Every structure is written in structure tokens, then in C-alpha cells.
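Order of writing sets the chain letters: A, B and C. Residues in each chain are counted from 1.
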Amino acid sequence: MPILHEDRLFPADPETQTIARRLYASVRDLPIISPHGHTEAAWFAKNEPFPNPTQLFILPDHYVYRMLYSQGISMEELGIRQPNPPDPRKIWRIFAEHYYLFRGTPTRLWLDYEFQVLFGLEERLSAKNADHYYDVITTKLQTPEFLPRALYERFRIEVLATTDSPLDTLEHHRDIRESGWKGRIIPTFRPDSVVDPAFAGFRENIVKLGQLTGEDTSRWSGYLNALRKSRERFKQLGCTATDHGHPTANTANLSTAEASALFDAVLSGQSTPEQQESFRAQMLTEMARMSVEDGLVMQIHPGSFRNHNQKIYEQFGRDSGADIPTSTDYVHGLKPLLDVFGNEPTLNIILFTLDESTYSRELAPLAGHYPCLKLGPPWWFFDSPEGMMRFRGLVTETAGFYNTVGFNDDTRAFLSIPARHDVARRMDCAFLARLVAEHRFDEDEAAEVAQDLTVNLVRKAYRL
Amino acid sequence: MPILHEDRLFPADPETQTIARRLYASVRDLPIISPHGHTEAAWFAKNEPFPNPTQLFILPDHYVYRMLYSQGISMEELGIRQPNPPDPRKIWRIFAEHYYLFRGTPTRLWLDYEFQVLFGLEERLSAKNADHYYDVITTKLQTPEFLPRALYERFRIEVLATTDSPLDTLEHHRDIRESGWKGRIIPTFRPDSVVDPAFAGFRENIVKLGQLTGEDTSRWSGYLNALRKSRERFKQLGCTATDHGHPTANTANLSTAEASALFDAVLSGQSTPEQQESFRAQMLTEMARMSVEDGLVMQIHPGSFRNHNQKIYEQFGRDSGADIPTSTDYVHGLKPLLDVFGNEPTLNIILFTLDESTYSRELAPLAGHYPCLKLGPPWWFFDSPEGMMRFRGLVTETAGFYNTVGFNDDTRAFLSIPARHDVARRMDCAFLARLVAEHRFDEDEAAEVAQDLTVNLVRKAYRL
Amino acid sequence: MPILHEDRLFPADPETQTIARRLYASVRDLPIISPHGHTEAAWFAKNEPFPNPTQLFILPDHYVYRMLYSQGISMEELGIRQPNPPDPRKIWRIFAEHYYLFRGTPTRLWLDYEFQVLFGLEERLSAKNADHYYDVITTKLQTPEFLPRALYERFRIEVLATTDSPLDTLEHHRDIRESGWKGRIIPTFRPDSVVDPAFAGFRENIVKLGQLTGEDTSRWSGYLNALRKSRERFKQLGCTATDHGHPTANTANLSTAEASALFDAVLSGQSTPEQQESFRAQMLTEMARMSVEDGLVMQIHPGSFRNHNQKIYEQFGRDSGADIPTSTDYVHGLKPLLDVFGNEPTLNIILFTLDESTYSRELAPLAGHYPCLKLGPPWWFFDSPEGMMRFRGLVTETAGFYNTVGFNDDTRAFLSIPARHDVARRMDCAFLARLVAEHRFDEDEAAEVAQDLTVNLVRKAYRL
């Protein structure tokens, strides 16, 4: 018996399920548009095989190892960022033995999909079959069908955006373009490292930014020019969007003199946390100003308390599975930016949240009014069946479907992309099916919405 | 095929649906009690025909034009508060063309109901039939059956409360009373314009209040007397309730000397935002004090950041669809008032919220304890099927059904009143049906609760 | 017809219901493990009959009388903490007459269960049969089968934890141990009265603590020693856990010098509210330090604004049904403690909340990472069918099932224990059944999870 049921994630009620199944059939095979994620351009530039299941599924995926760590398995045992990691097969066995921990999580759904659909494994992973899994996957990964470009095509990806620093040379993006391969891999402009004074190495990064762009980044105007030029460089490689990961949603609207003085302060290395927050806030407004000029879509991802676990951060560095959401205020936070650009017809800002209490209280009312604002899909911890249902249930009645932008897979795990889009499509259809079954609108309309959520709204929102 | 399905909004599960249908049949035809809304007494005083569908459905309804505006359609194109608005038929066509934006919103449900039940239109509105809709509605509006008083009777309204400023002469209310018509249209005392120092024209309003009441409103005691007299004037025209739209739920309990000094400060026009907030806070407590004296029920509607879009506010004024909810603290905010009047047996305070996170955390526990507190129905953005389900799901287990007060339609759109009450009745029955289907209580009890929610609790809470 | 339906609380959908029924059958008869509650050791030490239904079901249960009070029935009429209470039968009649107020609340479910399963009453309680109920219950309470120890055995309780002050002599716990009876009643160390400077009598309590332990509690080091000794005394009577009811989740990590100075300040009786909050914060970290040493599991119950109703507090004292939840910040609050002990392999901290917005935003991400953190079951107002469903729906996708700890009945009402565990088991099975029906995992896995939630995770988390 296969692991995956063809009606998985659909409501059990037979009538609703039948509608969901019909809607899903109409979007299942549409191309994948992936406008936001964390895969690496190098994979597609080099097109080399992925090494083994441990390096593919465990080591880079903080969704996976945070759960194992929470249950007392050490980062060392798991080989996370270890100079001399344990035998990958041993790590895989630990993972298989603890696979039950993922019951009820989206990770389990994605992995089951990958195991069955990509590798033909039809028995649930467990301690018993861990080695069999390891061998089957390792073998297949060496075949031409499992090379990155082949998978890209097999997944029917139309476009795949990576996330990149302004300090990145983007050489792999250039190599892909020059290779003649027709896959569309595009960069996303993510300037946190050069706009957030609390980012490790901020001052050195500003110097590097000056070197890369030939601008005098020790002064406010040169710094802004350097960012403008960097954005232009990204655009020339297909970039259509920027992305901003700030601790809060605060924005500011300082005078040039004030902003310039603040820039000097944060560059001095002597700035207070308040000044750093003001600077980040001002930079969101500057980024919006540049977006009005150059047309790049702006994504704002606020509200994560990064590196909450001090010891893990000191030992293993950023992004080690210890980022924790905090409550976020969009209404007061975004006002300064919106006062300037909120009614700008060419501006496109996509808002994300890790604070679900803002969906109905703040985000849907904001997106249901401001023409520049759209709502990104449920993010990170909420990229999950229940998370998606809550998102639609909480925002649709105020913001409708057409102030949302379809799905983001947001993943470092390339092989999970079709699994994630499949979950999203199923959940959208499940939600729509309920509305149809409750006669809130008709099935022909639901089918149109399903299509729009899957491809049309994504293309439009991200200008793809 | 008609637009409306007779089982709309009921759960798809056949057993639950059957129960919901039975419960709904027992409340469907009960009279409409509308204790809180924004219709105009002038309509019933003058009893003149409504002009055309654009003026009826689009121009006054910020639910409608905020959605259109969010999708890039300008206020000018829509003729919102324009000295020379476009041809109303053209505006109607824009609306019809974008009717798909409302999929999944309560606006769509209300309008479909109005189109079919009131105007006999049985094909979904679209660009194709926009002119047909326009013509049918325009023609019917000129017939005697569509005059305000005829509709009031057709809708089986038992009582309809408007919302009025203490500066209002209430002449239309007086005219209705003197006309001999038996419709019960009553005013609600909404003193924001004379108790909120941040309200545009506050100081002039205080002067006017003095003129209207013959009190010296330049002094604290005269000001309070003027409010007392105004309340009395409202009561004489049938008013049973006050309504307070404050940015927060803060209350205060100052000494007379402090309050008097604060009044002088806010009247000087030199007050700080903190003083203004203190004054509003104190005035909620003063209003509670007067309610203990004169028996008017007190409604508190906190938590809206009014006029968030600065440019829209400057160009189009208040209530232009850009009010955004903020997080609200009832527990600390209401304490000063409750310390004085919380156990007062004759006091009735009805609390509303735009911050759904307070339902289970603050509002249900408060209403489940304090005898003076009751919970108003889901408000504004949450006056919707999902909003109602969340409300009942989040408050019932702590506050029960009997600390809630039935439905408010809260509308400026007179024709939407039966549609809105119909949605509320269906959702209450849907919620109750689930509890019965899950054997939490029996159907005879659910039928009693449905009746209570529809008429008995409303009459009792609002003293109607 | 009996009051209780055998499929109560299961989803109405036939397929899902069938799965829920099968899962429930597999856990229904498992022993009850009650690691957190407020029953009294004296009952089991003395083993005397409970007097009458009023003293059993109404007077000690603030869930019951807060609802009656909210509807205008006075504390005096209900005999709450009255020196000369009314005839208990009269109070019972008032309760029976108002039993409809509890429709949709968990209290109703628990009471129906107790009435039918324990007392064989199969007609819904009402004004009509109030006396019959009173008589039947009173009579049965005098029989040997209704003595505390007999009920303990009939309920199949494996272990029952009480909640006790460090100032308690624990004589009843000692008596039980020495009596030879095999019931396992264990104390829980709840030091609020000696670690919270805002607790009435705090300074006297510190003196008493010194007398009880032979330590000089007027000094920081002696105070800590006294707490250490008290914990040891509890451990010797079977205690495995501590419990901390703080207004916030704040923790601190002060130097010994700072902590010592702060202790002097709070002991002086002249401390500010900020100092008192700092002291409570520091004490959570001290308690964690002692838990690392002595292995006691730490329960943190933050976020209740105690005694919100000033008049009720003055007249009737603590715990009179007027505690109201407030919003709680775990992410910043717990960080100082976690910075020191967050990765400690032997530490077990169980977090509870009255702010459901933290489930998905803060608690699940924290518990899904930190090895020392686990999530307690939905607490107080949320110990209810909807509350349980929200809890599982909001935390499972991030924290899984295995970072939760099963059910707490948290009750003062001994007879409600089986009713409460029955609701919890049914809701867990209902939740699991939906996941199985939606093919998120298989039924054999769900059955394992149901077993773990009912007994295994509780035993492990509480070290029982």
C-alpha cells in the first residue's frame, strides 16, 4: 500500500471531498512558479549530483533538525555544521528511528511525498527500513534523472527565485544564463546584511558594497547609490523582487539630514539598539522609494527573533533552527512608509507574518484597502495544512482572494518543491470546496480562483 | 437557477445540515430587531425613493469601495465624495466587472441576497448583465413597495436604532414620531464628537453643545450637565443606548479636581496626546456613571485606528474605508471603570472588539464574571460567516450564550438589513447544529438558544 | 433516554466518527494519571464522606459560580464564603434553575457526566428535578462507595498530585503514606507565597519559611537554602514537580550581588512593583537552577491578572472567580532563563498559557526547539473541547505531539476527574481521527499517539 492517499488533505465529508477533488484535478498539473526560496543557483550552474539522503534531507533543513534537537538529540550526533561529522548513514538511522516525531507536521507530508513520488519508496520510513531507504536514495541520486536540471524540468518549474545578498557576485546566475540551459533561475535582492546594523559584519559589508559598486559607501548618498546600482545588477539577471527580513515591521520617514546623520551613527559602530531599529525602519522606506523607481516588488518578512538560543548561536551560527516569532505591529509600524508611498500605483509590497493574530486584525484590513499592499502566503511555521486553512479563513472575508499572491515554497530543500506546491494546491482546493459546498459561491468561480491562486496571481504579484 | 441556495452557510455534513435547517426554520421569520446601525432617520421621515443602484449600493458602502480601491480603482472613478461624480451607470459597470473580487466576502453574500430576494435578479452579477441589473433596480426603486417605510414593514423590523451626535437636532426622529407612522426608529447617543479631544472640531462642538443645552460647557460641571441633558433629550425620543468609538479601551477614575483640570487642558487646544487619551478614558467612566443614573445601555467599540491612510483622509475625509484595527487591552483598560461600577446591578455595558485575540483571552472571561458586562456580536470586519463562527467558538465555553446579546447589523445600507440578519441566523444555527450533532446538548435546548439569540437576548440587553 | 451519548464530542462526519470511536475504545479504560490539580490530601487522609451536592459542586468551583454571578446572582445568595450561608438545598435550586446558562460550556459536560455515571441520574438537571437530584446525590454520598478512597480506586487513578505551599506541613500526605492505603497521592511544590513579594503576607511567609527549615531567611543565601530544603521535604513525600503561578513569563539572570540586594529590597516592604517583578523573574531562574540539581519538573503558569474585581477581592478574597488572562510574552520573557539553562539535558519545564495567540507564535516554536521545554495542555478557560482542538491545531504542526505532555485535570472538584479525562481523551481521538481521515498519517500511528498522550507522555514529562 503506498504511503500517499490520492485524497490526502481533502475534507472527509464526501460532498466536499468530491468538489475538492475536481478543483484539484484542474490545477494539479499546472507549472510551478516559485518566486521566493532558498535553493542555490550553484546547483543549476554546476548540475552535479546531490551526494546522499543525509546531506539532502537532514543537514540543511532546520525544520528537521530543530525537532530532533527538541527531543534531546544533540547537534553533534546529527552532524550539523560539524568539521568532522559522523557517518551520514548513522545520522540517517537516527532520523529514521525518530520519524514518528514528525507525525502531524508538514515535514512528514513533504518527505513522504518525496520518498514515494521521487524515489518510489512505498513503505513508511522507520528504523527497520532505514538502510533500504538510504541505499535506494543514494543510488538514484547518482542517475542523470536526479541531476538538478533534470529535476527542475521534471518538476515543471516555470521560474525559480533564489535569495541573494547584494555582496554576492551572482556568478552562478550568470553561468546559468550563459550556459544556454533554458531553466529560469532568478536572483532576489535581499539586503539585510547591508541595511541592518545588527547584522554580524555590517560595517565590513558596507565597505565591500562600496568596492563592488564603485560608490563611496561611507556617506549616505553614496550608500544609497550603491544600493541602487546593486538592484540594477540584480535586475539584469532577471530579478523582479527584493526581500527584507527585519525583526519588526517598523518603518520611518526621516529627512535627508536626519537619515544621513543616522547613517553616520550606525556606521560608527557606536549606535544604540534604538538607532539601529530606526535605521532599519528608514531603510524599508528607502527600499520602497527605489521600488517605485525601478519596479522591483518588495517582500517584507518581519517578526522573527533571530538566534534566540544563545549557546546554539555561538556554537553553530545563524539559521540553526532557533529563530522564534514575536508579536508584530503592522498598523503603526508601516504607517510612515504608507504615508509616503501607500497610494503609489506602481508599488507592490508583499507582507508576510509569523504572528497569526495579525491576519484578521491588521493584515487583511490593510491589504483590503491599500493598493500597494498584498498578502504573502502563510510563512515558515505556518506553511502547513492547518496554517493555510487559518490564513484563508482569517483573511478572505476582508481582503478577498485577489489581494493574496499565491504560494511560496520558501525552501532550501530543492526536492521538496513539488511536495510543497502539492500541499498548497490541495489546501486551496479544500478551502474553496468548503465554500462551494456551503453555497457561498459557485464551483465555476472556485475553479477560476484555484487557477488564479496557482499561477495567475503569482505571476502578476511578482511581475514574472 | 437562482443565486441563493436554500441551505447556504449550513455545514455540508448531512446530519449537521439537517439539524441546522430545522433550527433555522424556527427563527427565520422572527421579527428583525436592529439595536445598532447607521441608517438615516431622514429616510423614514421623508419616505422618498432611493435614487439608483450606484447611490444605494456603492457610494455609501466603504466595505464595497475599499475592496475596489485596494485593486487599483481610484476613488475618483468610483465617484466617492466627488463634486462632479461620473455617470452612476458607468460606476455600476466598473463594480459589476469587478464583482469577482468579492468572492468569499460577506459583501458578496449580502448583495446576492438583496439582488435576488428584493429585486428578483437570479443571474449572478457580471460585466455582461450590468446594465440589466442597473435598469431593473432603478425601475423598482421608483415603485411604492420600495419606499423606505414600505421596506421597513416588508423586512418585519420591530425596532431600528440609528446613531446620532449630541449635536444633532433629531428633527427627523421627531418628525417620524409625529407622523403617526408606526415604525419604531430610535436614536442612539454617540458622543464621540464632544468627548474626544482629537475629534476634528472638538472645541467648537463643545461650544455648540452648550448652546443646545443652555449649559456653561466651558466648565467641567456645566459640560457634564450638558451631556446629562442631551442624554435625556435622546431618551425622550426612544433612545435606550449610548455608543462610544474610542481608539483604545482605556478608562480612568480621576478625582473631580483632576478631571476638571484635564477638561480645561483639552479645551485649551494645547493638550498632549496623553492628556487627550486620559480625557477619553475619564469620559467612559463618566458615561458609565450617567448610565447608572439614567439607565441607558452603554456600547463600547474600541480599537480602530481611524483614517490610517493620510492622503485619503486629507482628500476624502473620515470614514473613507481606511480605518484599521489595532490590538486592544481590555483587562487593564477597563479596570478603573470596573473598580467603580463593575458590580452595579443596573449597569449594562456591551463590549465589541476588532482584535479577535481578545475573545477568549479577555472578553469571555470578563463577561463570564462581571454582571455589568455583555459581549456584542462580531463587529465590522468580523460581521461575516467565519467571523461569527470564530466568535461563538472562542467565547461560548467561557461566557456561555447568555452573556452575549444577539446580532447587530451595524449598517449604512438599509437594504442589506434582512440579508445580514439572515446570515447571522444561519450561522448561529450552523454553530448550534454542530454542538447538537456532537451531543454537547440537546436539540430542544438549541432551539431555545436560537430563539434567544435572535430576539430575547437583544431585547433584554438593549432594554427594548 | 440518558443524558450522555456514547459518541459525544466526536465529529459528525460518519467516517471520521468511526475512526474516533475506534481510537477512543483503545484508551478509554487506561488508568488516570493526574499530575496537576487542586484536590486536598486531607480527603484521602481522613476518608470522610462529602457532605452534600452544594458543597461538592457549587461552593468550591469558581467555574460554576462565576457564571451565575455574571448573570446577576449574588455571592451571598450562592453562599460563597459566607459565615452563615443559606440552606444548601436552596442554593442547589438556584443552580438547577440556571443550569441552562452552562449550555456550550465544559462545566455542563463534566456535570452531566458526574450526574449520570456516578449518580445514575439520567434526566437533564432543571428546576423541576432539582430536589430529586439533591436527594439522590446526598444519599449516595453517605455510602461507602462514595468515600474518597473508594472513588479514587473506582476512577482507576494511578497517581494524583495536589498543589501545596512550602509552608504546608504536608501532614495529610504523611498520614496517607503511613496509613498503608495504596493510593498514590503526591504533593507539588508551589512556592508563590514565598517567592512573590506581591502575595498577601509575603514577609511573614518568609519568616515562617525560616522557622520551618531552620535557615536564616532574612538573607539571600539562607532563603535559597530554605527553598532547597523545602523542595527536599516535598520530594521525600513523592513530589516530582514544582508549579509557578506568575503574572508574566518574565525571567531574569542577575548576579548574586544584585539578587541579594533585590531580596533585601523586597523584604524591606518598600519595594516598587518593578522590583517585585524583577524578583519574581529572578526566582524562576533560581527555581530552574534547583531543578537542574534536584530533578523536580518545573511547571510555569503565567498570565493571569489575579483578583481583577476589586470589590469581590476585598469582600471574598483570592480565587473568587475574578482572575482574568492577559497577553503574555514568552519569547523575551523566558530568554534570560533559557540563556543559562535552555540546553540543560536534565531540565524539564512545562509551559502553560492563557493567551492562545502564543500557541503558534511562541510556544510551539520554543518547544519545537529547546530540549528543556514541553507544552502543558490547554489550561483553565481552555480546558474545553474547543480549547483542546485549537491547542492541537495550533501547536502540532510545529511542535508535534511529542513535545506535549498529555492532560492535566487541574481541578478542585474531585468527582469531576474522570469526566475531565474523558473529555480530553475524546478530543484527542477526535483530532487524531480527522488527521487519519484526511490521510495525514495512518491509523496505527494515531493509535500509538493516543496511547502516548493518555499515559506515556504524562509519565515521562512528570517523571512519574
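Everything that follows uses one rule, which is that a residue touches a chain if its C-beta (ideal position, glycine included) is under 8 Å from a C-beta of that chain, and two chains touch if they have at least 3 such contacts.
As the structure is a prediction and not an experimental result, all values here were calculated from the model.
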{"item": "Fraction-based call for subunit B against subunit A, same above half, different below", "value": "different"}
{"item": "Rotation, 0 to 180 degrees and nearest 5, that superposes subunit A on copy subunit C via CA atoms", "value": "120"}
{"item": "Distance from subunit B to subunit A - Cα centre to Cα centre, in angstrom", "value": "40"}
{"item": "Two or more partner chains touched - positions in subunit A", "value": "11, 13, 327, 357"}
{"item": "Sites on subunit C touched by subunit A in the complex", "value": "11, 13, 15-16, 327, 329, 331-332, 335, 338-339, 342-343, 345, 357, 360-362, 364-371, 373, 393-394, 396-403, 434-435, 437-442, 445, 448-449"}
{"item": "Interfacial residue positions of subunit B with respect to subunit A in the complex", "value": "4-5, 7-13, 66-67, 69-72, 100-106, 108-109, 124, 305, 308-312, 321-327, 354-357, 381-382, 384-387"}
